[in-house]
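Structures incoming, each one as structure tokens.
You will see chain A twice below: alongside chain B first, and alongside chain C after that.
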Partner chain A sequence: MRLGKARERTHTKPFKLSNEGKWGILMISPYLIHFIVFILFTMFASLYFSFSHYDMLNAPQWVGLENYTKLVNDTVFWKALGNTVYFTVLFVPAQTILALILASALNQQLRGLKLYRMAHFIPVISSWTVVLYVADAIFNPRFGLANDLLLKLGMQPQQWLNDEHLVIPVLVVVAVWKGIGYMMVIFLAGLQNVPEDLYEAADIEGAGVLQKFRHVTIPLISGTTFLVLVLSTITTFQAFEQIYVMTGNSGDITAAGGPDNSSMVLMLYLFQQGFAFLKMGYASAIAWILFIMLFIITLIQVKLQNKWVHYEK
Partner chain B sequence: MKKPNKKRKIVSYLVITLSAILMLTPFVTAALNSLKSYSQYTAIPVEWIPNPFHWKNYLEVWQMTDFAQYGLNSMIVTVLSVAGALLSCSMVAYAFARLDFPFKQSLFLMVLGTLMIPPVVMIIPQFIIFKNMGFLDTLVPLWLLEWLAQPFGIFLMRQAFLAIPKEYEEAAKLDGCSPFQTYWRIFLPMCKPQLATLTIFTFMTKWNEIMAPVIYLSSEEKFTLPIGVLSMSGAWFGQEQYLVAAALMTLVPILIVFLFTEKFFVKGASSSGLK
Partner chain C sequence: MAFILVLAGCSSKDDKEASATSDGSTTEITLGFYSSGSADEKMNELIKKFEEQHPDIKVKTQNAPYQQFFQKLDTQIAGGNAPDVWLSDGVFVQKYAERGAAKDLTEWINNDLNKDDYYGLDFNKDSDGKYWAVPQGIQIGALFYNKDMFDKAGVDYPDDSWTWEDLKEAGAQLSIDSTGKTANDSGYNANSVKQYGLTFFNITEGWMPVLKSYGGGVLDEELRNSIVDSPENKEAVNYIVDGMQRGIFTDPSDLQAFQSPMAPFPSQTAAMRIGIYARALAANETGVNYDVTVLPKGPDGKRFSPVIANSWIISNSASDEKAKAAWEWIKYWVSEDEVQKEWAALGEAVPVKKSVANSDLFLDSGEKPDNKQAFLDSFDFAGTLDVNAVWSEWVKKFGDNIDRAFLGETSVDDSLEQADKDVQKVLDEFYNNQ
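This part shows the complex of A and B:
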């Protein structure tokens, strides 16, 4: 009898909630609903759809690996993958390096610091629709400032976003312009944690500006740099809004990604397949390939960080 | 902050001044374009300064398009999102920071984990959930998830609650406050800076959002500003100066909110790189 009682007590104990425990569970319930319905359930559903034909009118029909094998032979998918990688490879280093240079310039007692910072924030707080019309002032092939400048310099005007070879570089330039203010502030926070006496020690040893940057600044902010790189790679890989807005036509999703798919990226392809052509299964397969690639890239970046990221002991 | 060094300062001023000019030139050019007639707008060679200024372009956007309706929709989505984010994130964060309940550690690890999952795998099933709930072509899917505590906000608010000394809690307990009352009456008012940070970030995200409206909205009277202005381009073909004016007007509310909360924007942005 005693034994039974003891067992019963240990058995019931975790389920007996204190008053505080009840409040705790109640107060986190919004997140619990979020997690169960909108994360856990959706992940399983999306995995299931990726092995199905699903047009949203009829129930999903299991087709095994068919979506994935079709993707392997889909030339537009490969083009979208290539463009996504190309965009990321151009964008991430360019934005990171330029943001670091700007942050280093701002990291001292300058007059009008706040105004300088705000000038760099206006693109950050603008929607891509605003950016579209603002960028048009520069890159409009007929009357944009860029071509006006080229003509004045005696060079050939360009088609910019309508040119197969220029469209991604131009999109990258605009993306850097829009995002650099945000990255600059992240770097500024990192730079302000670098102890002043390290620079003084470097001064005593007669180090120049570039040497100090190379041997003091870079190693000490490598943790921040690492985060910036991981975060911007993940976001860039999933970029949709910019391509949709800047290469589309009046918000027609099937028109975006041109010219001739030269700015088609994975997220846009996923959207076209899913929401324009109602191939939800196929779109889910693209989503999972994207997810797996992001996972691998993050893993590689984490592995590589041991080689160059310097954490203070 | 580094010690003053003349050469370094001059170079820095040059770099950031040049950069600031590059940041603002497109806006200034677009603003000037928005004040031109179409023939001034398309003139070659480019005429920088409109002559005369067509101020009525801005008025005509209001009179001749659904701009006001789009603006109202955007306002509804943004205000409901901000309210939802402030309430749900702070409540969940308070429980994680100050209350003791079963599986707290593992549940918090779960929040951390969900931050790593890219949204891409959830888009399609979420759409199907909202479709089955009958919310297609309504504004509901655009703000509802903000009422279910997004991880960024939970983190931000949890840090704030953790920093408050224990004595406040004990005093509240002596006064007979329930945990919820303690959170609502005592702790929440002490976290105004973080609430401001969360406000500006949610406002910015929702005001500018394009992906969700594109997925969920099909009738034009439901459109929010970013996709509403995009959709105007068909009707205004050959009159693009109106589109520039409309786009620039959508920037005004977020610019005003930003000017008042710039400090909190910087804080939020810099903390997002320092986890």
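This part shows the complex of A and C:
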């Protein structure tokens, strides 16, 4: 009976690619191969490692859920998670709002406009090392401008990166400065797509500048805003280089994340556990938690976009 | 010039010997080392001479800056294509040894090397008496002091009679705040120090020598258990915290202000530092007028000088033939006078071969510090940094806790109690899984 059925199926036309389909596959094959070898394969490898003890120097040993149960009781992990969320909560709105304001300002017909735009884009293309030299000139507790200013205002100098409560806000300020130019350019593209006649119509209705911004600009660039929000969230969850360099001692990975782990974020913790302490299994577990969190957050953002993002039909 | 001629003469003689014994086939080995600027050139020169002496061995090199080198090395070992012989930071030798990546060299060392001829072989010996690596160059700690600052303050130079308390007393006279007051004056502002008595950094050049000379330490002799929560450690840490609170020693937040935590001594912001041999390079570069002496004694007269023996490791996965060729390289490195002399001339490390270290070439090189003998004398009371397989990890745990005490955020008792638990947990996690 079953056999018959199977034979029957062979009579139906086998799945066959059209000529066009074959070409399509051929065309995307460089990416497809790259995806399978360097992304899919490594993802499954890291999933496997996350269930094992793996010190890189010896073969991984399967330990089931041990890494994950250990994470639950790891106070530094929770602290790193909290810091990551804190960093994101400060960074994403600050960067988005400031980038939008900046983009609106630079969307005017001004003299030397290109120069202003370029000036804001320079930190984006500079390496973190360069940016951090500038940051150090400001936030260095002994020689920095920030403390000079505080002293001139008659206030107490601060330990900036060495203060448990200040370190993340300071890192966020620097990160916003570095990243704002990029988001500004995305916003500029969005702003320039807003049809001029809508503003003209609003003018006829007698709308002021703020009203036009509120009722014309914001709804029409909501798609762009959404993109900026998703991109910023993802980059902050992956923040690593900045914190590694700004809080570590001359590139010593084990020294970064201080003081007292108050700037330890998930990516840094992952790297430290994996590469400095050879706990690749544990690091893989952290990576998967990070992946799942980012996936959920992005999913929520996508779901919520129906409520506020407006696409032109 | 004469030196080079001698060298040339030497190698051409060995050439003949080597080719006479070789059977004509060549072995290629891969040699990995972390780069450090000018030393690279010298390393390549020495490798070339080695190949001339050993025509049957070809050396392929792999090098990268420090951080990248070790990251790459770990992935290479994981992938089964580690270099056949590589240079390891002394603090990582046990990391490789205890995870089975390093070859046990005990037999070869016993057969081929006269142990009394070399410094530091024992620093790579585990508690079972096995040797896992052979030193390439040795870092050993001494007390660096800025002569100009001492002269200006009218304080006698430190000598081997000093205790840590003497150091603090002298340090107080050498600490100056922005208004010119010293740490002994009333109204001294410990928050705006212009010149520190002692700069204090991390484990090697910070708490470890103090802890050990006070009779404390971090791990027991088997390196499997924490001994952090001891009265000796409390006394030592109280001594340090007091120095920091009085603005005589740099605390971790002071160091944050310098581009590099190594900077206070060479930039003449600190009168003294606990420094390993290599710190002479930076001090010489900036032209500090300084010298060195042995580190101070603890309250009971005990001394301790920290040692890091950067070492050659042979890969456990190298074939017999390649391992043998790699061993030839190691023997050449440590036993050839010329190699030892050329490497010593770089001023990066104390030579491994005692005869070279005790020669004028090292002791009287014309470069500061004058009293290089202090480094050699320090071998009498030298020890490792309780190095084991999970060294980096317990150092981080201990450091995080102790820094809180240094910054005055928690009491010494509490920080040591917590550090004890955290360090033990790291040890148990690794050794109970073995």
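By our rule, the second predicted complex is superposed on the first by the 281 of 313 C-alpha atoms of A that agree within 3 Å, B and C clash if a C-alpha of one lies under 4 Å from a C-alpha of the other, contacts with A are read in each partner's own complex, and residues count from 1 in each chain.
We adopt the following convention: a contact is a pair of C-beta atoms (placed from the backbone, for glycine too) under 8 Å apart; a residue touches a chain by one contact, two chains touch by 3 or more.
Since we're looking at a predicted model, the values are computed, not measured.
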Chain A as common anchor, with chain B and chain C clashing or fitting: clash
Partner chain in contact with A:Gly24 - chain B first, chain C second, else both or neither: first
Touching partner for A:Phe143 - first (chain B), second (chain C), both, neither: both
Touching partner for A:Phe275 - first (chain B), second (chain C), both, neither: both
Which superposed partner A:Thr254 touches (first chain B, second chain C, both, neither): second
A:Gly181 touches, of chain B and chain C: first, second, both or neither? first
Chain B versus chain C as contact partner of A:Asn162, first or second or both or neither: second
Which of chain B and chain C A:Met56 touches, first, second, both or neither: both
Partner with the higher number of touched chain A residues, chain C or chain B: B
First, second, both or neither for A:Pro195, with chain B first and chain C second: neither
Intersection of chain A interface sets (partners chain B, chain C): 56, 136, 142-143, 249-251, 253, 275
Complex interface listing, chain A residues touching chain B: 14, 17-28, 30-35, 37-39, 41-43, 45-47, 49, 56, 101-102, 104-110, 114-123, 125-130, 132-138, 142-145, 148, 151, 177, 181-182, 185-190, 192, 196, 199, 209, 224, 227-228, 231, 234, 237-238, 240-241, 244-245, 248-251, 253, 267, 270-271, 274-275, 280, 283-284, 287-288, 290-291, 294, 298
Chain A - residues contacting chain C, complex: 53, 55-58, 136, 140-143, 159, 161-162, 249-251, 253-255, 258-261, 272, 275-278
For the chain C and chain A complex, residues of the former touching the latter: 67, 71, 74-75, 77-78, 95-96, 99-101, 202, 252-253, 255-262, 390, 392-393, 395-396, 399-400, 403-404, 407, 409, 433
Of chain B, residues touching chain A in the complex: 1-4, 8-9, 11-13, 15-17, 19-20, 22-27, 29-30, 33, 41-46, 88, 91-92, 94-96, 99-102, 104, 107, 110-111, 114, 116-129, 131, 145, 147-150, 154, 178-180, 183, 204, 207-211, 214-215, 225-227, 229-234, 240, 243-244, 247-248, 250-251, 254-255, 258, 262, 265-266, 269-275
